[in-house]
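Look at the two complexes coming up: chain A is in both, with chain B in one and chain C in the other.
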Partner chain A sequence: MSTIAATPPPETRERRYLLDREGVLGPLMLLPAVVYIIALVGFPLGLAIAYSLSDVTIGDQGLDWVGFRNFVDVAKNGTFQKALRNTFLFTLASQVLVLTLANILALVLSSDFKGKRLVRFLILLPWTTPIALGAIGWLWLLDSVYSPIDWVLRQVNLLGPGTIFGPRGNMYWTAKADLAQLSVLLIHTWRTLPLATVILLAGLTAIPQDVKDAANVDGAGFWRQLIYIRIPLLLPIMAVATLFGMVFTFTDMTVVYVLTRGGPIDNTQVLASWAYFKGIEGGNLAQGAAIAMFLFPVLVGVAVLMLRMARRTETT
Partner chain B sequence: MAGTGTALVGVKRAGARGIIYALATFFALFAALPFAWMIITVFKQNTDLYTRTNNPFLFNEPPTLGNIDLLVTQTKYLTFVGNTLLVAAAVVLITVVATVPAAYSLTRLAGRWGESLGIGIFLVYLVPPTLLFIPLSRIVADVGLNNSRWSMVLVYPTFTIPFCTWLLMGFFKSIPWDIEEQAMIDGYSRLGAIWRTVIPISVPGILTVVVFAFALTLHEFVYALAFVSSSAGKTISVGVTTELIRGDVFFWQALMAAAVIVAIPIALLYNLFLDRFIAGFTLGAVKG
Partner chain C sequence: MAVVETRGLVKQFGEGAAAVDGIDLASADGEFLVLLGPSGCGKTTLLRMIGGLEPPTAGDVLIGGRVVTNLPPRARQIAMVFQSYALYPHMSVANNIAFPLKAAKVPKAEQEKKVAWAAGILGIEGLLDRRPRQLSGGQRQRVALARALVREPNVFLLDEPLSNLDAQRRASARDELQGFQRRVGTTTIYVTHDQVEAMGMGDRIAVINQGRIRQLGTPREIYDDPADTFVATFLGSPPMNLIPRNGHLLGFRPEHVAPRQMLEGAGGDLVPIHFLATREEYLGAERLVYGEVEGAKAVARFPSTVDVPAEPGRGYEFAVLARDLKRFDAATGLRVAGPA
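Right, the complex of A and B next:
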């Protein structure tokens, strides 16, 4: 071919264009991203571990080794048990809810109906809105005096003197331990449901048409198709959706920070928010880091599962 | 098919349609109720809003724009907006400069390692701010950026780069190799070929990166809360939650306006780029 004759011989070309060598250019192009991640994720992660094993505070920035003392102190603290329990409760309960609701919602959105685009837009809102701002909306929706939910409950005679939620005229959503927990749980469900739904929806539309056709020809009804085709085919993608939802709920401190600041009496405190209150507001960097470290094992577990999922999709 | 058969199917269809509409309404309400309440609140007068017996979903007194005026003129909201836009623009720039070459390198030059390394980088996205904000606040202070907007510019790419590299990898994979090979045969160097062929075709992909780096910056809360405590440097998320909420008086209408003004445009952006976004989150488990 004439074009080959036009290129210079390989050796001179390589010398002249060092950047044309893939072994040089490849790593070079990757360098900025990798340097960023090592310097500002890898290094701080190491520092977080070092902090958790030291006595550093905002006042005294020296790192003196104290072994596992922070972890022992933290674990003995009464708030720790509450925070640990709440973290798992909020994560597991909200993701069970999300998985159930997302399956239904994805089915609804995969069928054709009028106003589908609007419905999709509205359903995505909780996910696309910055969580701090969404939480403020909820704070006002659950206000102790002017909550419109309370107003509706009063109108239908469920709230007020002589009713099941009475006798007082308000629910005090964020002031009572169980209601505050329920509220946080619902907000996490509200926020992660859209993500799980769109992921599942992508999975649903990817089911090959011939599989659906074959099932229809064989006379399989809705439930049969659900149990024998959709759910088995969707399992990997459901796992992906759940893992993301778990990470985002498990590590979140914003909902609790905005809605309850961990209260009443630490009853909605989670590990992430407690780490913030101890570490930044309380100035005890070492204990804050130790509290946050309790998130680490679960995150590593999730990462391993995700790697496995990704491998599987690569090989098939 | 017999007449009764089709009638039965028709009834079943109508039933199914009814269920679909009922479910769609229920979920739309669940998702949008807080926003509806927020939007109604924005336009309410004080006496209307703070009368407990009033129907909260109706305007018992004429709607007003005074609350938005209050937000813009009496609070530091515009400062927060300005800070957010500045931080977002800088973060977007850094993200694009770092991710375009990285994603190209991983899809084209790294061979078998590319995919695994790409997944590794994506997993960095899952390292949460709540694990890193304590050591990072120290690092930020050590480099002299404490209380400065630039602290966020420095740190935010730690989550935009992993996420956007992954998004772009998916995009580059869909571009046929022949294009840059042809350019190289025509005498361009590899870099010249990338600049002249790959970059122009990848404009939609790069635009996706711009949008999501921007959106992730607006979403971030924890770092901004931990690094910046003076109101002059705060972003919208933190400024609104700390400065407009913690006063003795809650200006709920202005507060809701502050939130809604941000929420709606981002939602529209997300909807435009949703497909790319989902492709990133499905880890390649869905092949379209």
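Right, the complex of A and C next:
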């Protein structure tokens, strides 16, 4: 018989196992996230709300309560109508385009062909480029004098005297209202397409091979499989991709800021860029905050939808 | 109804050994043919090639006498039930069953009739409005069968359809599946790694190992007359005992071992076996006695109703009827004719 080693006094034992207790460890591990959210999300949001209800400017930083006057002023401004319309137009139109193109791309990329990896890499590139750099690149591509796109159009006889796109030698992409809007729209599409494609590609590969095989055996051809099997099974993930793209486009100010600065005559102005121009460049922090607040309800709606979908995929 | 035939079928995935290595197989019309083999032996690959889901590296598949090697699955008039059942998760049971009919552009009224008929045969009329995820394993299996049945295919291909069921459910499902196949009389190729399923359901069994057919025959032939040591040891639990003697392997089933005096009245020559018992397992209906014969491990199996003394650590004079002894070539494992 050997003697049992003396048990240490209870206090040290408890302290040693303190981190094994969920009630202690859980809050401890959550703490950094909570601090982060309060410091970087909660505080700025609270500040923005406070600003939007005050008369703060860069010159006079006192927070004097003015109620909803900023919101009323903003809503009465003619630019607000344009910015609101453009924000929704760019977001919805680009996401419709993205969804269509991403489906086609994902379908093509999910099949086996030589150089598939290279093509996937190239398609992902726009997503990895910082948005400001991408927008500057487009600024050059759409230059009113030296645009390479115009040059190509001239070479293939689509631009210049006696052609479809008119007698002048340039398109003036960013100077004409409709072309400027089209440009912003296409840059947003170019930018969010890669992520949507990759998400859909993941969704396509997640469809069990057995299900595809069963559809083959059951006699379904390509279109029937696409319409009755693939697309319905992809719907949830398509919604995720669209919501992501919507948030990115809806809140983006960089493209407009770099490409058109909202012009010509506010025709490409969006809420985010207008808030920046008013609040930071114009110095009227209160009105800038009020403009940005108009984004809030839509973003809350999207966030709720995302959380719901996340929960649904968790439970099934 | 149709006969399925494969000629020199080979499938090579990348480098290394072929997954299916030259299989010649022909079913009879309306037959329940089982492909039996250990996991990874190429059963699924063979079945998928028959179904047209996997292009063969070499060889041909014939259905109803017609070469279909280069036809897509939908041109082969086959139906397949997958191990996972592969139901369409976003469709109701009714739509799952109707899917092959829709693909074949069967008129709506006819579709409904057929769905009701197939659901009736499998007893799932009450589930038609449910989604697959609201069904139990057994119910899913029936829906998969109904979907396979509804188009009245020439051939059923089934890949381990019972492996997702619990043991009790599996026994009754075996019974139902075989009864179902007898009723519809469609040629069926059934893949399994479970010898009980194979023995219990198959008209004939093709035992496969490493991409080749080791033996094709009725359950009785395969069990009583194994063509080689692989078949001899793959079937039966515990498997056949193999004792090296004079450059051969001597094979006998555990249930054929008995004390010598008990076999003397059985009629037939006896071959004595000196059995050194080492361990005993009591399994209720039977007893397994583990031990050694001429230095090789061996097992004897006695019904609990018979009182055979077999104490661990002691040697016994057992025997086997000469006609129950099989001889195999020690080098190739193949069966050799002649007396033990």
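A few points about this structure:
Note that the second predicted complex is superposed on the first by the 299 of 316 C-alpha atoms of A that agree within 3 Å, B and C clash if a C-alpha of one lies under 4 Å from a C-alpha of the other, contacts with A are read in each partner's own complex, and residues count from 1 in each chain.
As a convention for this text, contacts are C-beta pairs under 8 Å (C-beta built on N, C-alpha and C of every residue); 3 or more make two chains touch, one makes a residue touch a chain.
From a predicted model like this one, the values you see are computed outputs, not experimental measurements.
Contacts of A:V300 after superposition: neither chain B nor chain C is touched. Legend: residue contacts after superposition of the two complexes on their common chain; A:P232 is shown touching chain C, with no touch to chain B. In the superposed model, A:L133 makes contact with chain B only, not with chain C. Which of chain B and chain C touches more residues of chain A is settled by the count: it is B. By the touch criterion stated above, A:L285 is placed in contact with chain B alone, chain C being left untouched.
Once chain A of one complex is fitted onto chain A of the other, the partner contacts of A:I265 are absent, as it touches neither chain B nor chain C.
By the touch criterion defined above, A:V72 lies against neither chain B nor chain C after alignment on the C-alpha atoms of chain A. When both complexes are overlaid on chain A, the residue A:I123 reaches chain B alone and has no touch with chain C.
Chain A contributes residues 208, 210-211, 213-221, 224, 228-229, 232-233, 316 to its touches with chain C in the complex. Residues of chain C that touch chain A in their complex: 48, 51-53, 72-74, 78-80, 82-84, 86-90, 99-100, 102-104, 133, 147, 151. Looking at the complex, you find that chain A touches chain B at residues 3-4, 6-7, 17, 19-20, 22, 25-30, 32-34, 36-37, 40-41, 43-45, 47-48, 51, 61, 101, 104-105, 108-109, 111, 113, 115-116, 118-141, 145-146, 148, 151, 169, 190, 193-195, 198-199, 201-203, 205-206, 236-237, 240, 244, 247, 251-254, 257-258, 271-272, 275-276, 279-280, 285, 288-289, 292-293, 295-296, 299, 302-303, 306-307, 309-310, 313-314. Put simply, chain B touches chain A in their complex at residues 17, 20-21, 23-24, 27-28, 30-35, 37-38, 41, 49-50, 52, 55-57, 97-99, 101-102, 104-106, 108-110, 115, 117, 119, 121, 123-124, 126-139, 154-155, 157-158, 161-162, 165, 185-187, 189-191, 215, 218-222, 225-226, 236-238, 240-241, 245, 252, 255-256, 258-259, 262-263, 266-267, 269-271, 274, 277-279, 281-288.
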